[in-house]
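For reference, the structure discussed in these notes is given below.
Chains here go by letter, A, B, C, D, E and F, matching the order in which they are written, and residues are numbered from 1 within each.
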Amino acid sequence: MEKPEKLIVDGKRLDGRAPDELRPLKIQAGVLKRADGSAYVELGKNKVLAAVYGPREMHPRHHQQPDTAVLRCRYNMAPFSVEERKRPGPDRRSVEISKVAREALEPVVFLELYPRSAIDIFIEILQADAGTRTTGITAASVALADAGVPMRDLVSAVAVGKVDDTIVLDLTKEEDQWGTTDMPIALMPRKKLITLLQMDGHFTHEEFKRALALAFNGCEQIYEAQKRALREKYSVKPEEE
Amino acid sequence: MEKPEKLIVDGKRLDGRAPDELRPLKIQAGVLKRADGSAYVELGKNKVLAAVYGPREMHPRHHQQPDTAVLRCRYNMAPFSVEERKRPGPDRRSVEISKVAREALEPVVFLELYPRSAIDIFIEILQADAGTRTTGITAASVALADAGVPMRDLVSAVAVGKVDDTIVLDLTKEEDQWGTTDMPIALMPRKKLITLLQMDGHFTHEEFKRALALAFNGCEQIYEAQKRALREKYSVKPEEE
Amino acid sequence: MEKPEKLIVDGKRLDGRAPDELRPLKIQAGVLKRADGSAYVELGKNKVLAAVYGPREMHPRHHQQPDTAVLRCRYNMAPFSVEERKRPGPDRRSVEISKVAREALEPVVFLELYPRSAIDIFIEILQADAGTRTTGITAASVALADAGVPMRDLVSAVAVGKVDDTIVLDLTKEEDQWGTTDMPIALMPRKKLITLLQMDGHFTHEEFKRALALAFNGCEQIYEAQKRALREKYSVKPEEE
Amino acid sequence: MYEIVSSVKRDYIVDLARQGKRVDGRALDQCRDVSVETGLIKSAQGSALVKLGSTQVLAGVKLERVEPFPDTPPSGVLMVNAELLPLASPTFEPGPPDENAIELARVVDRGIRESGAIDIDKLGITPGEEVWAVFIDIHVLDHDGNLIDASALAAIAALWSIKTPKVEGWTLPEFPIVKKPVAITMAKIDEKLMVDPCLSEENVMDARATVTTVEDGSICAIQKGGVGCFTREDLEAAYELARARAEDLRKHIG
Amino acid sequence: MYEIVSSVKRDYIVDLARQGKRVDGRALDQCRDVSVETGLIKSAQGSALVKLGSTQVLAGVKLERVEPFPDTPPSGVLMVNAELLPLASPTFEPGPPDENAIELARVVDRGIRESGAIDIDKLGITPGEEVWAVFIDIHVLDHDGNLIDASALAAIAALWSIKTPKVEGWTLPEFPIVKKPVAITMAKIDEKLMVDPCLSEENVMDARATVTTVEDGSICAIQKGGVGCFTREDLEAAYELARARAEDLRKHIG
Amino acid sequence: MYEIVSSVKRDYIVDLARQGKRVDGRALDQCRDVSVETGLIKSAQGSALVKLGSTQVLAGVKLERVEPFPDTPPSGVLMVNAELLPLASPTFEPGPPDENAIELARVVDRGIRESGAIDIDKLGITPGEEVWAVFIDIHVLDHDGNLIDASALAAIAALWSIKTPKVEGWTLPEFPIVKKPVAITMAKIDEKLMVDPCLSEENVMDARATVTTVEDGSICAIQKGGVGCFTREDLEAAYELARARAEDLRKHIG
């Protein structure tokens, strides 16, 4: 696909969305048998699976912490998830994302309850269309809840950015590629605390503030969908009432 | 060498053998000083060395098993053993062969006698001409006996296959390359139990049965040669009688 | 630069030095805050940093020795230290140099005083112009002293070689590349004991003996500079007298 | 790959086997419920999600232009890779493929390669210079036993889902897929053969045999695994079971 | 990266923060002494040694002819690598770059890339065949905190020191460097933001935010790190601090 | 490489040394029995199995067409690799070459390269495009001490066994091998130099020195190893020993 002349025409984006509109979002909790907790999230064309194992015994043992559990996180893209086949295994990008995703999720987990343990989060990108790190964090947070890990809050994440001088929510691959700015954010929605923030491109101070506000709105919508998915899984069945 | 029109002419193979005939076989036990047990096997142009260390202390220690020894096996090709120089170190093929060879040898070893220990088998292919995995297993089994490891039986191994629609024993490199089917087999000869079986190519049900029968015959001959090699090494010298 | 017709003209080398003359030498002790000991050495265009950590706890623990400290050494070239960018990480050359440098330094350290400990030496080549291993050893020995590690002696190191049939001290990159022979040496200067010796190229017996003698002279000069650097760092300040 | 089980659980499963029964109530020659969903992954030219009981495997196929191997200059290239994702089992660890992942990939590879499922000679572009490479990536999502059959089925179903590949500069009318190899694995427990072992069965089995057959019932690949043994009779029985069950699974392809 | 500190030391630093004070007597919005020395390394086309308090980082730039990336055939290539040398800290270990080294390199990379500091389009030689690659190697020599700002400053100062590169067959009048992005990192300790944290502060901080700005005060990159959180107000304050301090540091470039 | 020995054994060997005696009854300047068998490996262009006492090393030489190094476009390429196979000693572990294997390969490499044993300039094919690469692979089969001398001898004997290489498209009348460098290693134990140390001696030695000489007695390579020291007199004595013993071993080459 060639770069189109304009990415926003008459206030509408290439896929017909308004600037402040999320892509279609689907969240499902508890989709895997073996994992202690899991979630599947579709956001537009992104398809992401997250699983949680733990709290479980920490290996290797010399990584155990006497007063806290250790949270580990691995973000991984399937070789077929992108246009050109990605070689299996971690690259520099996925190592960085694994780190910032872990730091985005750690503030909500009561790690101190499980000294010497490990809690492992695995994020698998099955199909990618921009926003995989934020979609992965959104999925992982549901998987943590599904695993019954005690949490202060959920974490809801989304990217905002600048496209044709317009601040937009939830960029597609085309908007990420041809737009000016990409800013992924993760929030603890209840207290409005930012646990992930990255940005690259160009923002004036004014644009930065507007983008932050838009991201907060987007996370709010994602938070509602996360809660709905967890309620659906754990809702009391009529006959059991 | 170009592919010849026929691989079997007048019932004889390119190297003059009958379909059910082994290549010249030479087995020697106890050829290395440092190893606890060792064997050298030539089968046609294959030259294979096997060594056994153990039972010995298991490192790393967290791999120790409280109720059994652990058998480990490493199949390796010398860089100069094949036409085009092989890069040193394990590739996917040798990792798989190491696994199936270990599984072929493990049934005969009384591992439960040596809890927390390791028994290591190293198979080195010095010159390769098809059938290296089976020749390696044959050698490793003699090396285990030479090391004095308590065993239920030996393991005898050979490949059978289909070449020009004929079922043949002990394929050469040319037959493996231009033939239709290759099926390596390992046997515990006394009870006729199959401990390794792989096959790729094409067999009808009928051909499969005939190939199995032929493999059993081949293993029988190899078994006799293995026993002879061990007797030669351990035969009581006249003056000691 | 093309190879010049002669590397020595009228008894002078390309950079104007006499055959038995060192390049300008500068040694500075204690240049890093975090390291327990450190030194910076310039020898001609060579710029080398060395740091020492320890005696400190040995990790991994199963490498601990019950009756002695373990000396470890890592020689590393910065990617920008050479004409063509060097890929980061150890190559075969730096692995070998790390080994011989460790063996050159170990004889002077009282390792037996610190059982179960590790002493780590890191040598970083920031700019390279032949003689980096010897310059690195010279720097490391000052860093060990700066760290307060108990030592029998310093280690002083330099290369000698043969260029245009002349035995010369302290080869430059051009002399190393176009000369005949390179022989790096390390000495414990007080007892005149050789702790590192490598050579490649061509020496008759007579040349070998002359080269050894020249190296001993060179090390003597380096030894004086090392002691001066340590005195400078630890000299009692006037007001403290 | 397999997990340590308590001797109580082991005895229970072996006891059942002695009575010709299985831990999940299946007959010895019965597969678990199977479902195959193709086309999930739009970024791949072909894809299939296979569920075999609770086991889930996703296979994706990518087509790319590459240089041919020097020994087969006019033919295409087939590459199979399998990842035992740590998300799929508490026993899987991050890192490069271990021997289990490598064996899995190679068994799937041989089933496809040796059956001639892909007409690889048609995948040349410029002889000696450029050919199509078929990358099959097997992504194990949930491991409840018998990864070989699930992976082999996912791979061949993904290949058959390609039709006319959506890839720039595709050079043929259709993707040249011509056969349907199906792998059937049988576990041996207390002298009994059990088709499609679940994880509990794999954990206590003596050995397994995988027989891959094509439409006419002939065999294109076999793989024995595990530290136990088979008799000649076992293998003949295994062949019959494999042929019958493969016919059932083959209906889910293409 | 960070080190375990005693609770006494932690409490001391947090207590100071509560009073708006810092462990080394600086104001909250004050950087440590900074020095930038360029041209030390003759084997590199550009180099800079930055001292930020006791933190020392050496950056070297090498220019080489390479094949372009297939998706940007006419443009040059930028590669940033960072080595957390074990010589620089007792907590750094030999081996390939870990997540801290990778994050460091990528944050520096984005600051340069996203600001358009290098006019990368000018670095083509033969479109689709050969372009100039700019290798920036960051060599961390002494780690006393805030490696990001020291590394970013070393990298951009090294680039600005190049002028006409001394490299065989250089194809342009000058090295096309046009902007001066500066990264400023702030640690959050007990709700206070502290510019240019030293190691003691990093060891007890809740989180850090790095804001990279260019000459006109606009932002080209942000990176949050650490396991704590920021409020929206924190970030607006961080921006103001970053913009002001960047102006000071920018004077050391070029 | 070396092994931990009991202090009793150590004292015994050092005591013997004090009396000018060795653990296996040899004179100080005496090598163990040596045998060299060439041509064992038909898949290699050259090969040699060397037995030095119980130490066994197999070297194989492969010739392949490769691109030349950019800095030596018209010359051939020499590559030496050594594998300390875990089959050869209980102390060798599987994995990529460690520092001992790398040192071994590089010492053998330098002996051949620096002596000019191979006339590498003749191994060009198309200048700047294609040259012959000489791969020497050293396979250590049984380690009873002094791997350097055994490996160097196996390598040079394998090279001299090549004559007219059996390789497709060979471009010269003969393989251009012109010199016979021989490495002799001496261990220093209690101030005594012992030629060709066996493993028991290596385990207690202070240091070793390897001197490689060619036919005219001149030196082409030296390598000191181990954590002890040599005096200048030691080295002059070592040279005399090396020259004499090399003459003996050289008879086994070619």
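Note that in this section a contact is a pair of C-beta atoms (placed from the backbone, for glycine too) under 8 Å apart; a residue touches a chain by one contact, two chains touch by 3 or more.
Since the structure is predicted, the reported quantities are computational estimates derived from the model, not experimental observations.
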Minimum number of chain-to-chain touching steps separating subunit B from subunit F
1
Among all chains, whose Cα centre is located farthest from the one for subunit E?
B
Farthest-lying chain, centroid of Cα atoms versus that of subunit C:
D
Separation of the C-alpha centres, subunit C versus subunit F, in whole Å, is 27
Rounded to a whole Å, what is the gap between the Cα centroids of subunit C and subunit E?
32
Measuring centre to centre with CA averages, how many angstrom lie between subunit C and subunit D?
58
Averaging C-alpha coordinates per chain, one finds the centres of subunit A and subunit B separated by a number of Å equal to 52
Touching two or more other chains, which residues of subunit D qualify?
97
Subunit C residues touching subunit F - in the complex, by the definition given at the top
92-93, 95-96, 98-100, 103, 106-107, 183, 188, 192-205, 208-209, 212, 216
Seen from subunit B, its contact residues with subunit F in the complex are 32-35, 38, 45, 47, 49-51, 53, 56, 74, 76, 78-85, 88-89, 120, 122, 124, 126-128
Mind pulling up the subunit D residues that touch subunit B in the complex?
97, 99-100, 102-103, 105-106, 110, 113-114, 207, 209, 217-232, 234-236, 239, 243
Residue numbers of subunit D touching subunit A in their complex, please.
40-44, 47, 54, 56, 58, 60-62, 64, 81, 83, 85-90, 94, 96-97, 135, 137, 139, 141-144
